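Here subunit A shows up in two complexes: once beside subunit B, once beside subunit C.
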Partner chain A sequence: MRRALKIYRLLVVQNLKRLMEYRADFLTGAVSFLIDQAVGIGFIFIIFSQIPQLAGFTFPQILFIYGLSQIPKGLDHLLTDNLWCIGYFIVRKGDFDKYLIRPINPLFHVIAENFQVDAIGELVVGIGLLVYAAPNADLHITVWTVLLSLIAIPFATLIYTSLKIMTSALAFWMKSSGFIIQMVYGMNEFAKYPTTIYSFPVRIFVTYIIPFAFTGYYLSLYILTGTDPLLSIGGVILISSVLFVISILIWNKGISAYESAGA
Partner chain B sequence: MIYAEHLRKEFKKVVKEPGLKGSFKALFKPKKEIVVAAEDISFHVPKGEILGFIGPNGAGKSTVIKMLTGILTPTSGECRINGKIPQNDRKNYVKEIGAVFGQRTQLWWDLPLQETYLVLKEIYEVDDASFKKRMDFLNEILELEKFIKSPVRTLSLGQRMRADIAASMLHSPKVLFLDEPTIGLDVVVKDNIRQAIMRINKEEKTTVILTTHDISDIELLCDRIVMIDKGKNVYDGSLHELRENYGQTRELVFETDKSSKLTKEQFRKGLNPNENDLVIENEKNNFKVRFNSNKIPVAEMLSYALSVTKVKDISVKDADIEEIIRNLYRQGEALNE
Partner chain C sequence: MNKIMKRYVPFMKAGVQSLIIYRLNFMGFVIGGLIYCFVMFYLWRAVFESNGGGIFLGFSMTDMVVYLFLSNTTTQLIFSDVSNEIGEEIRDGSISMRLLRPVNTDLSYMFGELGTALMKLVVLLIPVILGLEIYRFYVTGTIVFNPLNFLLYLFSAVLAYIISFRVNLCFGFIAFYVKNLWGIGILKNSVIGFLSGSLIPIAFMPEGLRICLEYLPFASMSYTPVMIYMGKYGAYEVLFRIAIQIIWAILLYGLSKLIWFGAIKKLCIQGG
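So, the complex of A and B:
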């Protein structure tokens, strides 16, 4: 474990050095993410200028859900962005070879190789919204709600990561799975709002099939209502753990199907 | 040390008709075809040997190397290196091997070269003292000093290849896989790399498997060669034996008078050779005659040629290994047809 941390640190530092080499590219990335966020928040303001409540939640509460949903998203984005490259080109071009001839776990190696600083945008916006919305959101703040919600955040992050591992691993069979990652990842838009605003099939879909509902709505539910921690926090932990195990199985199966590319 | 037993690797390929329409059709009704990249490959390499693993393009060399390094999982058959099956115990296995794929690099593209070595040092758990000793040794044989501070993307191909070989040697592996390590390099760099491989093999008893298209690599480095073609073993033995058994080809070059010619037709009348035993190529008035000296003795060929045409000059070439290998490839093809 200590060795893993040491290697992780080293790889991240290498990546930061690389970023410094291409400053313009890095700044453009950060700016485009801020614009993306501004559009999302502006949208909520527009909705609430027309209606006072949404599915029983007030404007500050909706902002709180939105803000909290950005944190697991941002953490995953910060840490595991390289999985996109697996789906788009690393496997297709045969560059996955190098991960297989090094004595560390290939998945860990892939993930450690990139540290996506752009994600700071999501984290800043997420934390900013939480701070802004919390005083007026009628939160049930106790030691338990705060502690359990904090514990659930890494698990919610794991939902993002697991979905990315699964979909990127499809590239081992399909050669390129970038668009599938994109499609599945794009569903995270549903995480920003209470699932109760969606029609029944959509609700089922984002709760049980591509369970992004657990990375925003269910994650916020306990601290918002103070009841049912088993459903919200328990749900996040259970769903993320199951998803992670499945994703690792798919990933490992994928590695043995890996075909490399002609020299 | 290295055992490969009946290795076979199949790839599934979706067959597409040409054009966009064909691509669409393949999307909905994929027609799958199995491509056999390696059909049945077996060989054994004892410790400390340098094995030349050769074959024409598409013979399956890289596929076999990738199975041996654990990158690909064989469809059937087994390989065992140092008692380990690469696919079963990858993490421990790869600590004992180094691999260079000439067409790819494992260096960190955007960073100064020495950063790569520092990362690899941690990945392979090399302690500080051994790392320093190792870098000194690699510096000495591969002359990395001049460019170790430059970003990898700015290195020339020759520098990059040396840097890649050093990267694969950092953890003192017992087995080194070199897939076309001299591809695209000039004579001086090739020589430098060959010297380095030789020293590593001598001083550390590293077992080396080398694939190459450069015959000099084989002549200078390899104790033994294994030749494969179309996914099957074609030859396994020493270079010396190969020369003895297959080296009957001789080449005579006749420079003739402007008005004279040498054609197969002429030889057919007098010597009546088999189709494969005689090849004539010409460039203006230089006629290159390659023939099987077991079937047509050199003296006979010479006197016959002199009798049918006006010759100004003659040169005789010994069978070089390149020619022998070309013959073997041709025989392989003939066998398959």
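So, the complex of A and C:
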């Protein structure tokens, strides 16, 4: 464990050095994600200039759900962005060999290798929205709601990461799975709004099959209502743990199926 | 004319072939777009319900469905990837090969994309329009399809593509200065998504912003053709909107040429 942390620190430092070298690139990336977020929020502003509430939630509450949903997304983006490259080209080009011949866990190595600071766009907007919306969102702020919600955030992040591990691992069989990661990841759009607005089959789908509902709506439900921590927080922890175990199984099976490219 | 076709048709064929080879990526794109449409559909349904049903800012729910799916499809149809392509070619130096050939640089890019656009027309636009018309028939009980509006839509979409191509060409030249093309791509898509009304109809925006956006070139890229298809414009307004599109197409043509002639002098290919 200590060794892993040391390696992680070294790799992150390397990444930060690269960042200092290409400052304009970093700025472009972070600003791009910031503007992407601003557009999404502008959309909610325009809708709410016409209606007082949506599916029983007020404007600040919707902003709160939206903001909270961006934090697991941003954390995952910050830490595990390299999984995209596995799906898009690392396996296809045969470059995965290098992870197999080193004396550390390949999955850990893949994840530690990239530290994606572009994610600052999502994190800044997420935290900004929470701070902006919290005073007017009728939150039930107690030690328990705050503490449990904070504990649940890493688990919600794990939902993103597990889905990315699973879909990128498909590349071990298919050579390239970028489009599948894209497709599954794209469903996080569903997380931004209360799950109650969707029809029954869609709700089941985003709750149990591609469980993005837990990364936004259910995650914020406990602090919004102050009741049912078992369903919301417990659900996040249970679903993310199950998903993570499945993703590791798929990943390991994938590695044993991996064949290097000819070159 | 014949000579020109003979020279550029191979670029078009290459465009079709690359789409066929990368069909899985293309399908990922299409499915991603559809998922997005469905999320928006539910969101708007909730908005309409919160509003007490009926008409919201001049749009019925049926209008909204047509708008959502058609504007998403139109955006994909007129999608131009030339900014990325030019960026990559500048970076790896292969643009020099393109400059050496006895072809017009712009046209060679454009014909490559025309191939993919034709494929998208067949596999994407036609099924979506059919689906939407069946949906409208199912909801309203009458056939609402207007062939004249459809033809005007196609004409307007061609203009929209020309504008989109030119805007992208201008973006592509940013590659001379910035390396993070991927970040620029995200930036471009979200800015254009908002300004072109494909995210939220321009008609819903606050008055001042709405008037500004209607005259900017971005509205010409998907909003104008979709509104024409939906019959939201009267005869004079259709002509007026198409005139605006033509003016923007000419202005952006000039602008991209200007930047191109400036940039080409600076072009410095390393090693290639």
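Remarks
The working rule: the second predicted complex is superposed on the first by the 263 of 263 C-alpha atoms of A that agree within 3 Å, B and C clash if a C-alpha of one lies under 4 Å from a C-alpha of the other, contacts with A are read in each partner's own complex, and residues count from 1 in each chain.
Here is the rule we go by: a residue touches a chain if its C-beta (ideal position, glycine included) is under 8 Å from a C-beta of that chain, and two chains touch if they have at least 3 such contacts.
Only a predicted model underlies this, so the values are computations on that prediction, with no experimental measurement involved.
Once the complexes are laid over each other on subunit A, subunit B and subunit C both fit without any clash.
With both complexes superposed, C is the one of subunit B and subunit C in contact with more subunit A residues. Of the two partner chains placed by the overlay, only subunit B lies in contact with A:Asp95; subunit C stays clear of it. When the two structures are aligned on the shared chain, A:Phe190 is found in touch with subunit C, with no touch to subunit B.
Touch criterion met: A:Gly29 reaches subunit C, while subunit B stays clear of it.
After the superposition on chain A, the angle subunit B-subunit A-subunit C between C-alpha centres rounds to 90°, nearest 10.
Applying the stated contact rule after C-alpha superposition, one finds that A:Leu54 touches subunit C and leaves subunit B untouched. Using the contact criterion defined above for the overlaid structures, shared-chain residue A:Val39 touches subunit C, although it does not reach subunit B. Touch criterion met: A:Asp118 reaches subunit C, while subunit B stays clear of it. For the overlaid pair of complexes, the smallest distance between C-alpha atoms of subunit B and those of subunit C rounds to 5 Å. Within subunit A, the residues touching subunit B in one complex and subunit C in the other are 22.
Per the touch definition, subunit A reaches subunit B in the complex via residues 3, 6-7, 10-11, 14, 17-18, 21-22, 94-95, 97-98, 100-105, 256-260, 262-263. Listing the residues of subunit B that touch subunit A in their complex gives 11, 62, 66, 69-73, 87, 90-92, 94-95, 97, 99, 101-104, 106, 108, 110-111, 115, 118-119, 122-125, 151, 179-180. Chain contact summary for the complex, subunit A toward subunit C: residues 22, 24-26, 28-29, 31-33, 35-36, 39, 42-43, 46-47, 49-55, 118, 178-180, 182-183, 186-187, 189-190, 193, 197-199, 202.
Residue ranges of subunit C in contact with subunit A, taken from their complex: 24-25, 27-29, 31-32, 35-36, 38-39, 42-43, 45-47, 49-51, 56-57, 178-180, 182-184, 186-187, 189-191, 193-194, 199-200, 204-206.
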